[in-house]
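First comes the structure, then the notes that go with it.
Chains: A, B, C, D, E and F, in written order; residue numbering restarts at 1 for each.
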């Protein structure tokens, strides 16, 4: 369980700094330190077991179906890395406390740092490779935050994004690789995978898995050609660089290669992929490092180079190389973290990290300079420091390595890299600390406070100690780590400063000599370098991202250009094409149903309909006309419904038709009455042709489908409805019984739709009365000449007569709907339209004043009545909308029927009247808004029977 | 008679009606009604979730008419899951919205209730014409919500949204008609029995109808090439409304899963697995186009919109594999992407509300009030939606990758899913950097004050917490979803439950 | 008796069809809207009246139902047709402002209502009304 | 709303429930026509509906249409019905047999003595439905009617006929 | 005999409706077209009635009634639109 | 008869789609209503065609048409009525807000979509007797 806690502690700790910042910077740092320390102590408490050769584990089933377990294990490798992460972490925490400026949000920094720390610890302690992936990506995310910590710096933001992009991409590749690997091994648990070497290496999926996993490792560890992000991540505060980019995160890739070494290494593919990449990285980065003027840039490329070195060693695939790799990881962590902190001190105290502006700091910052010299020498691979030992081991392995049949090339290139390494290391020391003192340092340099130099000093001590007594100081650790890496392969190695005169020593000497010579001739070397081409990876990356963004934008905004016509054309083409394709992909046979003869009147109706459609299309720019003509098409459809035995449909359609016409005309008052010339066929014949072709094809499709359907017999449920309508639904109009009973739930939904439509319309119109639109409306005047009489006498009289008549008809249609064509909906439209007639004749002001009903409430009560009718059944423990009916007998009146469906239909009626009236009345209110001076109090413009010029009520 | 089944539809309907009638003038009353109703819906959904967890299918015959003649509601695990998801998202978004958004136009609360009524109905109904009705309810309520508050672009985008959906509704009816014309039924369970019996001569009509219906659902689910409505709609809708709309695309996905496994699944004879060849390529293209859109987005809302499109592509490509395992993975991803997208839209609104005329456009501007907190929330939401660990997006992606392994198109799917993840990461890091980091590079000016109300942050935080829970309890959740998928792929239980529904007294 | 009924029904149908046709022919044949207006208002209305009367007689005579509800439609059409015509004429006059000069004077102080309004607008006294929300 | 006093109802209870008793009766009659069959139940429903509807709609027709003589009104209806048939024959003749160029189209102004809006409306309707005339407009003060004649060589005669035949009779029906 | 009369009726009314269509196509003015549609509606009512006689059913009565009512209302609405622009003011 | 109905559905669909693809909201609305007619007729036709077999139970009826499609169409008509109303009003609001009735969002695709003809119209005083009268106050 303590393993879980080790991983969790940093995450738990991450909550505190950000919240504790008010308690002070030191308290903040202290809390961070405490959690790290706790974790470190826990880790160390497990160390003895590990050194005994045990493997400590902890596990919790997270997502068993996937094989994702929150399981951790601690072996030598894990212990080593976790120790590194937490140990250096503590130093960094202390260092950062002094490094960060007053106005840097320190709490946030420590939070990020702890998040990162937790993620890293998670990576190295995960037993489950899917869990490892989780932490792996978390390191990318937290490092993104850390690199971008100084939000105001463009380099910081860009560096963060670049790092995230590159490592994120690698991480994604690794997901695939891990999933393949787990599939081959049959488990995602490392402990299982590490025992499946044969199965894995024999699998045809070995190479893809390897490549994908390596993609993750290489990006994370900044291997060529993915190395470029690391130097740009140096925009981060130096503690971050020291921590992430020297000691920990970049080593995650190395860690994973080491972790997987037992199962993945040893194949040709592994060797050529890993060793070559490492070699190239080592060489290229070392070369670049020599010419970096930014201290951190130099260190960054140096880091890349050293990471390449380790990678190469791992790639060699021999146990000894693996030991060397592990040892170099340790050594590099010590001297490089020290150097980063050192560079940070220089930057902090001298005010610049530019080597060209530095020099002569030896006397001013003696402590700093001393540390730089020791750590730098180690980096250069000079004895008696730890860097020397592992470099020797590396050269030794390199000499033994045959690359594509060539026995010397690896050694030669490794030596060349070592030359560069010596040169840049010395450049760091000499160009910064030696030489004449300058008078133009941005700040006055001096050694920093102890809190800042003590952490690197501690590392420097380690550098020396390991260098002098490698076997004592690091031996047991390296042994236990190496055992973990190599899977316990037996090997014979000896950590020591002096191995006698070996080819490696000779190569080392060559490297020192050549390196120093290069530094001596730095000016000329640099000139030569500058004469050559240097492809700048960042520029290429930026260009790549820019191209990607541009392409993405072109594509996205080119396709989604806000054009509804295009959207609809796409959609309709899709519907048509898919429809045709589906139809012709499936078997089909012509129908055999006996056809109905065509009544001559039906043919005439057909002519009318086709003519109406054609005319609508031809006249679409003359809008009133288009409404009128399209209305005739609707009329013919009504007639078709009548002819084809659907009286209810005809009644509904005609009612809806009129309400729609009134609504459209009301809206058209404000809209342009004529479509613009630019929308005419002449203005854009191509588009019209295109649309026409699409329309005709779609029309043919619909006609064809209709024909196919109409000419064949089919089964249906109709018999049930016809049989049960009277006995079960209490009505002879089967359509109505379906509507209010069998499928009353549809109708309940349908009236809700109407209610919502009205509410939406109300909200839309009400919102138009205020603000900008409201002001526009107030300033608006009609765009067509208006006749003088607004409320003609004859019309007023006519509508007065019509209103009771229409209401009577409405009541009639309502009451008989259950047994004959009709029903609540149609009745509601009849009544609404009759009411609207009053508005039309006598004006909004006059009519609205006389309508005492609140239409909102009417809609709500309609829905409620329908719902209550339905819910009434629930009281009797029947399902919602269960209907009941009964025949009653009263003297005189005779027999009559009462059905709960009537109550339901009342709900329908109320909702529909409310909805139609709310919509239409509010639409007409808009018109009043534009000319408020014309509110009428009297029903008609002039009443000749009234005394002249006297107000009428 | 278990009346709980009708409550997810009845409660919002009644509350919506009451809101129209009674609580119209009183904002406090309206909010109390609305929130109470949403809490009730969460409770009801939880209850139904528990009920459905025993693996049996519950039915509710409206009007006591037996299926296939009457309309039957059916509750299985999938329905229960969707109801719960909708209710949780709905509650979160409502808590966000009652901080002022609800007052920017009329009738926000009733529309909201009706919206949920439509969504819940779509998840519960076992009748595909009734499904049409509930689609229309949720659509028309969404029209109202979409244009809530007004504004030129919003209303114009609203027109586009409405027109597109009206065309979609027409095709819905045409497709329903084609299917009815050869099978003579509207009940989905009955359809599952009728489809295998459709003679060869009628197959063309049946399959055309089915494929058109698929395309209609694809419109709702924003699948290429019928996805065009989404970016304009979501990016221009009020923030909370866009957040609620995150569940609406899932209605399309739900319908596809429901109908094409039940009625056009293994037993469907000549029409077996009809949807797969159409769905998979379209979904993959959607995935790519969506994620590319994330990179190209000009505003946070747009970015979230394209992320929704991309996630729908991922979701439906997984569905298109049509295996139990893939469906379970898809459902997990569905829960995740709904909550993540909803949260992201709310965050976009938090930003937009604080940046004046710039709204959430991806251009650097002065720092905003509560910027740090919002940036953190954004970071978490972005992690979720791009599928980075440790949140549910990552788990979902792993599940999906694992589940589609057996598909013949696995290589393609893997490559596209992973590559588009990268694009999304690049896009979101770009957006976040621009919105939250770059302001620090500008000369510091006064930060426009903004009410630091807790409620919106509670809402966003609550939704993010749901994502965290979804991650932590991925194991049990996925186990449940596997059962849900297994239930889907053994449709006999559903069919028997629906068609065996007694007709009450009759 | 049956023959007589049949005859009556047939004659009514034929007359109805004939008048309806005449109305529509007139609408096509006559030269301008105002003259065209005469045809459908009268002939077509009578035509449909004939059909309705035929229906009434038919159902009363042959089906044994006393079918009188056709009266309602007839009455309705006779009430509305002149009003439709009146407004079509007014709208036509308004659309063709040039016709105004050809109109005879009203013989009153005011002109025709399509073109002229009363000088004293007696009914525009409260502009607040429109602003008052109409719920 | 403040500017306008509420529409106050000063009528008696009888007037309120039966604001237009004749209208109510008319509605009952129409209801029976709609039902197309006689039953006591239907009649009762008709009465209830008629009363409710006339109560509901009375706001929209506040002034009772005062009809002085229902007998004369009925005979007027008969007259008009006859004239409609005649009118149709005339128009048919004109349409079918008279070339359009030979029509003597004229405007005629009919000064009105009628004052009640209902009466004017009925007159205008009658004129439209009867021989060769369509009423096209009212004067702005509602006291002249503009009539379009399809074939009226003698406008004086036309005016006289309209006044004598219809307006005079209407004056006896409406005040 | 009624059959023949009906045939004539159908013929005459169909022809009438076609003539209405012709007027609808030709116009020239909006009001001409409104008149054409208005007349068409009335002719269609007659057709419906004759169809009812032919089929011996009164089930289409309400349709005819509503056609009459709504035909009138939409005609008036169009006229109002032309006269005032605002159908309800 | 079947051919007439099938071809009518096709014609209305074609006309509807053509109009739906126009650049202004108004023809789009008209197109939608034509499309709705086509859809409703199609849905109705799924019950196949029959003359004088209305689904009203009566003693002397020989056969009945399938009533279910009719009920479905009724629902569809009502719903599309609500939808049409909303789209009309939304188009109106969009016009009031943006000053044009173009269906496209303003952008590169359609320059016209950013015009504001409302602005120009607001200034133009329309000479009409009624308009004049509106301005006079007693």
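Rule of thumb we're sticking to: a residue touches a chain if its C-beta (ideal position, glycine included) is under 8 Å from a C-beta of that chain, and two chains touch if they have at least 3 such contacts.
Since the structure is predicted, the reported quantities are computational estimates derived from the model, not experimental observations.
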What's the overlap between the neighbours of chain C and those of chain F?
-> A, E
Farthest from chain C in C-alpha centre terms, which chain would that be?
-> A
More C-beta pairs touching across which pair, E-F or A-D?
-> A-D
Grab the C-alpha centre of each chain and report whichever is closest to the global C-alpha centre.
-> B
Hey, which chain ends up farthest from chain E, C-alpha centres compared?
-> A
Inter-chain centre distance, chain C versus chain E - centres from mean C-alpha coordinates, in Å | 11
Mean-CA-position distance for chain E and chain A (Å) = 59
What is the distance in Å between the mean C-alpha positions of chain B and chain F?
-> 29
For chain A and chain F, let me know how many angstrom lie between their CA-based centres, rounded off.
-> 38
Quick one: which residues in chain A touch 2 or more of the other chains?
-> 557, 562, 564, 566, 568, 572, 599, 643, 647, 668, 702, 705, 709, 714, 716-717, 721, 742-743, 746, 750, 753, 756-757, 760, 764, 766-768, 773, 782-790, 792, 794-795, 798, 805, 809, 820-821, 844, 849, 856, 921, 923, 928, 931, 933-934, 937, 941-942
Chain E: which residues touch two or more other chains?
-> 10-11, 13, 17, 30, 34, 58-59, 61, 65, 69, 76, 78, 80, 82-84
Contacts with two or more other chains occur in chain B at residues 24, 129, 133, 136, 140, 143-144, 147, 150, 155, 159-160, 163, 167, 174, 177-178, 180-181, 186, 232
What residues of chain C sit close enough to touch chain A in their complex?
-> 76, 79-80, 83, 86-87, 90-91, 94, 97, 113-118, 120, 122-131, 133-135
Which of the residues in chain E end up touching chain A in this complex?
-> 10-11, 13-14, 17-18, 21, 24-25, 30, 33-34, 37, 40-41, 44, 47-48, 51, 59-60, 62-63, 65-67, 69-70, 73-74, 76-78, 80-89
Which residues of chain F touch chain B in the complex?
-> 20, 25, 28, 32, 35-36, 38-40, 42-43, 45-46, 68-69, 72, 75-76, 79-80, 82-84, 86-87, 90-91, 93-94, 97-98, 103, 105-106
Which bits of chain A are touching chain E when the two form their complex?
-> 599-601, 604-605, 607-608, 611-612, 615, 624-625, 628-629, 631-632, 635, 638-639, 642-643, 647, 650-651, 654-655, 657-658, 661-662, 665-666, 668-669, 782-784, 786-787, 789-790, 795, 802, 806, 809, 813, 820-822, 826, 830, 833, 836-837, 839-840, 843-844, 920-921, 923-924, 927-928, 931, 934
Give every residue of chain D touching chain C within the complex, in rising order.
-> 1-4, 30, 33-37, 84-85, 87-88, 91-92, 94-96, 100-101, 103, 105, 107-109, 111, 121, 124-129, 132, 134-144, 146, 148, 150
